Amino acid sequence: MTKGRLEAFSDGVIAVIITIMVLEMKVPHGVDAAALRPVIPVFLSYVLSFVFIGIYWNNHHHMFHAVHHVNGAVLWANLHLLFWLSLAPFVTGWMGENHFAAVPVAGYGSVLLGAACAYFILTRVLLRIHARDSTLAKALGRDFKGKISVLIYVAAIPLAFVQPYISCALYVIVAAIWLYPDRRFETLLMQ
Amino acid sequence: MTKGRLEAFSDGVIAVIITIMVLEMKVPHGVDAAALRPVIPVFLSYVLSFVFIGIYWNNHHHMFHAVHHVNGAVLWANLHLLFWLSLAPFVTGWMGENHFAAVPVAGYGSVLLGAACAYFILTRVLLRIHARDSTLAKALGRDFKGKISVLIYVAAIPLAFVQPYISCALYVIVAAIWLYPDRRFETLLMQ
Amino acid sequence: MTKGRLEAFSDGVIAVIITIMVLEMKVPHGVDAAALRPVIPVFLSYVLSFVFIGIYWNNHHHMFHAVHHVNGAVLWANLHLLFWLSLAPFVTGWMGENHFAAVPVAGYGSVLLGAACAYFILTRVLLRIHARDSTLAKALGRDFKGKISVLIYVAAIPLAFVQPYISCALYVIVAAIWLYPDRRFETLLMQ
Amino acid sequence: MTKGRLEAFSDGVIAVIITIMVLEMKVPHGVDAAALRPVIPVFLSYVLSFVFIGIYWNNHHHMFHAVHHVNGAVLWANLHLLFWLSLAPFVTGWMGENHFAAVPVAGYGSVLLGAACAYFILTRVLLRIHARDSTLAKALGRDFKGKISVLIYVAAIPLAFVQPYISCALYVIVAAIWLYPDRRFETLLMQ
């Protein structure tokens, strides 16, 4: 089974998710700059979610570049990941509209945690059908970033009830960890 | 006529359907966990519909992998299937917002029935232009899952007026039947 | 310049148009079958628009199958067509919500007329860069269906102010003309 | 790393952006032509934004046709461009609903400026990994249109507070500059 259509479908779903999130930013009715003020928290959570969805697309792109073949289990593990990502517009709007209150911030973290676990499951399902010395296996390696992200989310969710901004800072740190250039796949694929 | 663009267009439509369904989950205005309570039934019907659309994408992907060529009738049979799937966001929102009341649950089943019939028609139209010993014909075989699904839907729709949760349980059973690994295509394509 | 990305982009835009139209069908709050009554006219105009967008995708698919190369003018002529099609969700919702009143029905026809003219322009721009004996030129031929459609729209728009249902009947007739199998491209491409 | 999936993802995002903008045109409830009057400014800003997004897609298409390979930096520079474009539906709706008032017009210009800068950054990141005598480098040349656009936006944003229609006229001029056939890439690619 080839990976082409799985990539195309994932691209389509991620493209829709990243774009319809902007619909949560309701057009203000006022005409002065002050009318934008209630939009600011929604805008900030939109930026954060855009970066996260961008990171997932990037990682998905890189990983599947090294994938040689897929099977039915991969299709479902991939749909499972897309399911968690599809909840992003909902929690983004909820967190933004409520000015980063405790429960929505914890809910946002839970969706990020779900997506991170789904991505981890996807890597395991892919590794099961690839050889130990395959490009994919070498490129994924110990998957340090994936594991540290899960740990940070697990800490951030309860911390939201202490001080939501700590959780938000932790989400930004996870995004920064991923944005920091990760040469794993690029290095291996160029060999 | 090649199947590439039909696959790409179907992927696009299914990607949009599976993603805009989440827009039916209206962002709650409250900041406590209780604010999520009215969203729960919509969320549950979203999960069910996500799984159904995922099953259709999976089956579509597998079937067209075995398809050799298409004609104008296939394009329209495919659009007919996409039409029924495009009604999923509507019935999902209706069923969820009304907490699984009888009429919306029956309506949801009718859309599932319509999609199942459309898929059946699509297989017939495809078989008409493929040889009896083609990979497609062998892979579709007796199409047991397709037929049993239609029967369950036909039973579930009137049962919604007795007890909607019975119908919902039947929809979950159909999803489970399809999720149970179906090696028909995979086995044949690997030979 | 290759046509691949133009096809992919058009597929994407048409896939989004055909799917977001369903968002104009607002989920009813009632739980009985009567709650569906106000949705019926919107549903009917949704079905009509779905068929029209499907016809455009089909024709686009067939025509570009015979296209050999594209240039900058083709890209813009294609975007012009997509512009008119993108207005379909708006006029579909307007016509449906107002139960096929005169002005919305005329507006619906105007968008169909705009799309038909845009499609005609696209064929001219394509013919200018293809030889007279190219597959494309032969397949387009006299373009009878395209011309008769424009004439019917021109008649249907003013007739909406006499009796909107006459206009609606004319739109259905145009759809039927196009749905009637058109072997032009298929016949030529199989030679 | 190949450019195929980057192009497909960008096509998907741009296709969704250009189409969901139409959702900002709320379906009017009236049935006479006067009901359309409040929609006119939203329609005009929709047309302007459709043309701008069309120009970006066109330029993106042409430029990536000449691109030979991409790296991680290109993926992010491209996502940065898509981020600015994704704000188009928001500012389009805001500018249209407020009948081209000063602040929304300036906001619209800021998003155009952001997109123009993001496109400029994308060209620099691409040039860094292509040879000086590559097709891409030759085709981009001095990038006169890109630079003049940025200058016009920088002038148009403050001018919105003097007279918004001057800014709107300047936006239309930028669109016209880009619509005027640009043979740079076409000429070079045909050699």
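Note that the chains are named A, B, C and D in the order they appear, and that numbering of residues resets to 1 at the start of each chain.
By definition in this document, a contact is a pair of C-beta atoms (placed from the backbone, for glycine too) under 8 Å apart; a residue touches a chain by one contact, two chains touch by 3 or more.
Not measured: the values here are computed from a predicted model.
Student: Call it same or different for chain B and chain C: same when shared residue numbers make up over half of all numbers used at their interface.
Tutor: different
Student: Compute the centre of every chain as the mean of its C-alpha atoms, then state which one is farthest from the centre of chain C.
Tutor: A
Student: Using mean CA coordinates as chain centres, what's the gap between chain B and chain D in Å?
Tutor: Averaging C-alpha atoms per chain gives centres 37 Å apart.
Student: Report the inter-chain centroid distance for chain C and chain D in whole angstrom, where each centroid is the mean of the CA atoms.
Tutor: Centre separation, chain C to chain D: 26 Å.
Student: Out of chain A, which residues touch more than one other chain, so two or more?
Tutor: Chain A, residues with two or more chain partners: 8, 12, 15-16, 20, 23.
Student: Name, in rising order, each residue of chain D that touches chain A in their complex.
Tutor: The touching residues are 1-2, 5-6, 8-9, 12-13, 15-17, 20, 23-24, 71-73, 75-76, 79, 82-83, 86-87, 89-90, 93-94, 97-98, 101-104, 107.
Student: Could you please specify the touching residues of chain B with respect to chain A in the complex?
Tutor: 7-8, 11-12, 14-16, 18-20, 22-23, 25, 27-33, 35-36, 47, 50, 54, 57-58, 61, 65, 179, 181-183, 186, 189
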